[in-house]
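Shared between the two complexes below is subunit A, which pairs with subunit B and subunit C, respectively.
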Partner chain A sequence: MGINLLYPEYEVARNMDRCINCRVCERQCANEVHSYDKEKKIMCSDDSKCVNCHRCVALCPTRALKIVKTDHTFKENANWRGSIINEIYKQAESGAVLLSSMGNPNAYPVYFDKILLNASQVTNPSIDPLREPMETKVFLGSKPNSIQRDKDGKLVNNLSCGIELSVPIMFSAMSYGSISYNAHESLARAAREAGILYNTGEGGLHKDFYQYGSNTIVQVASGRFGVYKDYLEAGAAIEIKMGQGAKPGIGGHLPGTKIVGDISKTRMVPEGSDAISPAPHHDIYSIEDLRQLVYSLKESTNYTKPVIVKIAAVHNVAAIASGIARSGADIISIDGFRGGTGAAPTRIRDNVGIPIELALASVDQRLREEGIRDNVSVVVGGSIRNSSDIVKAIALGADCVYIGTAALIALGCHLCRSCHTGKCNWGIATQEPELVKRLNPDMGYKRLVNLVSAWKHEIKEMMGGMGINSIESLRGNRLMLRGVGLNEKELQILGIKHAGE
Partner chain B sequence: MIWRYFVTPLPTKLDESQLDEREFTARCVMKINKGIEGAYVFSSGKNMGVFKAVGFPEDVGEFYKLYEYAGYCWTAHGRYPTNTPGWWGGAHPFALLDYSVVHNGEISSYDTNRRTIEMHGYKCTLLTDTEVITYIIDYLNRKVGLTLEEIAGVVAAPFWQVIDNMPQGEKEKYSYLRKAFSSMLITGPFSILAGFEGGIMALNDRLKLRSMVIGEKDDMFYAASEECAIRVLEENLDRVWSPKGGEAVIATLNRGVL
Partner chain C sequence: MKRVYVNEKWCLACHLCEYYCAFANSNEKDMVKALKDIVINPRIRVEQKDNISFAVSCRHCEEPLCVKGCITGALSIKDGVISVDQNKCVGCFTCILCCPYGAISPGDESVIQKCELCTNNIHGSPQCVKGCPNNAIVFEER
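For the complex of A and B:
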């Protein structure tokens, strides 16, 4: 190996006046940043290993630690930025594809931040959610095209099976394998308590979690890991994963080193062999093939489970969604380019796909123009960060949102974007027993339930302010939105007016 | 400029369209309202007329010579334009075929309702909430085949907590209506009078954010925002009452008040 040309991105700043040499940081850091120098009797750090996950900072009893961005710098260059130079050094050294995790961190526009909500004044009273009922319950699934009556003239229930949620939020797909057993347990229990659903991702369903079946979406991805009859029947809905916002167009790869024990059993992949999800489903090469898979899944579960088709938000997402709406799917899920992942090639994560706000607006509009919006429900994900993002997404036309990264943050994730190393110090994106046990599911699930109920309160407040007392009357209600700092084209795609109009 | 024509669809055109007469007429109305700038069809019923104007009620009555008409059901609406300057075309009722709607309020679900009803061939050209309510009633009644009472269960649907406590049959019916037609729920304050062939329906929003009073005298039925309006017409009422929010009061020509 030649000279290491990389200077660490972050520095561990240790206040020596405060440090009591308790060595907590040393034990807590799976990246082995901290060590004790017996001779000098002081703690030392190796900044080059630090991923900035804040585990040591949070646990240091004397608040002796903080992590700072290094002020070491290359000669300033707006084109050849430091990060770009460093990536070239890395690849020149390794000859490999750059890997990263979580969502696209780059400074693309965040449309949610450029949209403002309405509130009632004078002519239309706002509604106080503490005094009046404020409904957030939603049903996902296709709506009938016509009514039927029995011989006495009574309406016949011709609704297809669907999903009922107490609030339009679901935990998005995160597989057992990419995240830990304890993280999965927290999600499953929280979903049950909050009256919503979580999603198995493509890793199968651990036998311990079958009991949460009615709050589970079971996923069928291109690798078909862990898919069999009991699995399909266990969930409340089945999701076909065609794509993922963090890495549209490519598959997944869980290295053999992680396929151990229960994960191997759950995925139905022999221990130690890589679990490779191909980029396409090898039985889906066009829309008619998708239709076949939708109906095979429905057939094998006796038409008792709604089928979700999940796609990444890509350029002609509206046309794709229109095809899916005619494929027999009950729900379309669209994942924006900021969606998270356990591991993705950096170039793909940072350069492929489009923002969810634009994708959602154009899908909703296209389905309406074709008169088929009610054939399907639309669920969106890919960086829903708070309750106002949810309200804006619903007003743009979504039925419900998926949250992934936000849920992990609730569990303690500090967005260090190092999930692909498998050494998550917070016990989330790891399978090392020592690390996994740091996440206590009894506390984890409560934090998730708290997050969902806090957001529910906030959603109700915002709805009440707009004089709307049922979330159904917010869906697609774009007059409640105004853009700020958006150009004509952006406003046109979002289907909203500019503030002041 | 107001023109009044009495027209029937050209039989050959009607046959060619393969539509029933009402659908054919409704589509012509949409086509004119959307396609011809400045032209609107305000009245397109068979046994129903709509008269709009800006001015005092007595002058309007005079202008249209209302004393020359006889009818079993009248709705009148004096509008204090909430959010837009007064324009005679914006006066209520809004009507399509034999459905007419007068509305007091401002609905907060407007764009949800508009974007939904426009999927079914309607074009909201007047940009008022009353127009969208009229089309929803026409769609649900004429095209989908729901009864007026069921329509009330869609547009002013009971809260889930109320539905959950209903007896089994009712519970099934109302939860079906809410799930199947969720985008046609109307929120925000409204009290509406919907005229149809053979009767009238009075309906409040489910929180009763607007007032609505019903009066009965012999076989006459009165509905108004304020009781005093009814008292002007009939001082000695047999019964005066306020329906609950979301409770539809339907009066028909031969079957009385439902």
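For the complex of A and C:
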């Protein structure tokens, strides 16, 4: 190697007056940033290895550490920014496709931040959720078009199979393999405790987690890893993954080095061989093909499980959703371009797809116009960051949201976006036993349950303010939304008025 | 009685318990002031070999060999907690030899030292438990 053209992005700032040489930073850094100099009796650091995950910062007992972004700079250039120059250096060195993790970090507009909620004043009373009943329960699945009565006039239960959730939140698909056993256990236990569902992702279902089946969505993706009869029957719903927001049009690739032990068994892939999920499903080239898969999954589970079809939010998402709503699927899940991933080509992650807010509004509108909105429930994901994002998504027309990144952050993830290195210092996106054990599910599941119940309280507060006492009355209630700083076209697509109107 | 228990499954060998122990028994309010530039001598120690690690401190045995072996009555058991009366201790180290866990050691400022569940310092409850980042050390009734 010649000259290294990359300057470290972060600097470890150690307050030597506070450092007591306990070496916890050294022991906890899987990237080997910290080391102890026995002769000088001081801790040293190699900034070039730091990914800014804050593990050392969080564990330092004397708060002697912080990580700062380097102020080392290129000659300022609004076009050739430092990050772009660095990427060229990396590729010139490696000759490889750039890989990234987690969601699109670029400064595209976040429409949730440009939408404001309504509240009641004078003429319509607001509701205090601490004093009055407030319903956050939702049912996902296709709804009947008509009320049927028997000859005595009694209601006939003509509901198809569906999902009941205590709050309109589910943990989105993250496979065992992309995240650790302990992370999966935390999600599964939290889903049961909170009365919601988590999603296996395309990694199969570990035998230890069959007990959480009634809180599990089992995924069938293009690689069909881990799919067999018991797996399909284990879950509360089956999700067909057509696309992922972080990498629309791209498949997945779990390197053979990670296919060991239980992961190999769970995925049903021989140890050491790469698990490659093709970009398309090789048996699906049309809505009719999709319909065949939907019905073969329904047939194999005796029509007892609702089928979800997950797609990435792309340009003509409304037309695609319309097709899916006619395919026999019970639920459509749409993943926006900010959705997370364990690894994706950087160019795809940062440049493909559309914002979930726009996709959701146009899908809901299209399905209503075509009179098929009740055929399906709509679940959206792709960077739902807090409870107000959920309230806004539901008012835009969603039935429920998927949270992935937010759930991982609750487990300790610091969004260092280095999942693809497999050395997650927080025990989440790694399979190294010494790192996996850093996430104790007893602690992790409680944090997830706390997050969901905190959001539930906030959703109730916001609904109460609007004078609404049930999620059902909020869904698609776009009059409760106003845009700020949006142009006519954006307002038209979102189907909302501008603030002040 | 509530005791300190360790679960090696969750122990990360980060050794923070040792530092929180040393800090707690320094009776200082600032960890930096207490532990800067010293070699700590904690009452809890992380034992580790290969990929297995766990913290060891006094088990507060129901039939403590250290108390039985103590020639001056400096070690006594009260409400399940085994404590040292430094005024009676003559430094024979019989207790150190007796303890099957190696949980008693010579002290820096006293003759011997052992975990007294932080009942003998300003904190009142085990600080190793409070400081463990992964709940590998717990203080509970079993």
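Rule of thumb we're sticking to: the second predicted complex is superposed on the first by the 501 of 501 C-alpha atoms of A that agree within 3 Å, B and C clash if a C-alpha of one lies under 4 Å from a C-alpha of the other, contacts with A are read in each partner's own complex, and residues count from 1 in each chain.
By definition in this document, a residue touches a chain if its C-beta (ideal position, glycine included) is under 8 Å from a C-beta of that chain, and two chains touch if they have at least 3 such contacts.
Nothing here was measured: the structure is a model prediction, and the numbers come from that model.
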{"item": "Partner chain(s) touched by A:267 [first = subunit B, second = subunit C, both, neither]", "value": "neither"}
{"item": "First (subunit B), second (subunit C), both or neither touched by A:61", "value": "second"}
{"item": "First (subunit B), second (subunit C), both or neither touched by A:414", "value": "neither"}
{"item": "Contacts of A:433 with subunit B and subunit C, given as first, second, both or neither", "value": "second"}
{"item": "Touched partner set for A:366, first subunit B, second subunit C, both or neither", "value": "neither"}
{"item": "Subunit B and subunit C contact sites that coincide on subunit A, given as residue numbers", "value": "none"}
{"item": "Subunit A partner contacts - residues on subunit C that touch it in the complex", "value": "9-10, 12-16, 19-20, 23, 31-32, 35-37, 51, 131, 133-136"}
{"item": "Residue ranges of subunit B touching subunit A (in the complex, touch as defined)", "value": "82-83, 105-113, 115-116, 118-120, 144-146, 150, 157, 159-161, 169, 172-173, 176-183, 185-189, 206-207, 209"}
{"item": "Touching residues on subunit A, where the partner in the complex is subunit C", "value": "17-18, 20, 22-24, 27-28, 58-59, 61-62, 64, 433-434, 437-438, 440, 442-443"}
{"item": "Touching residues on subunit A, where the partner in the complex is subunit B", "value": "120, 123-125, 127, 132-133, 135, 137, 139, 143-144, 146-147, 154-155, 157, 159, 162, 368, 371, 373-374, 466-470, 472-480"}
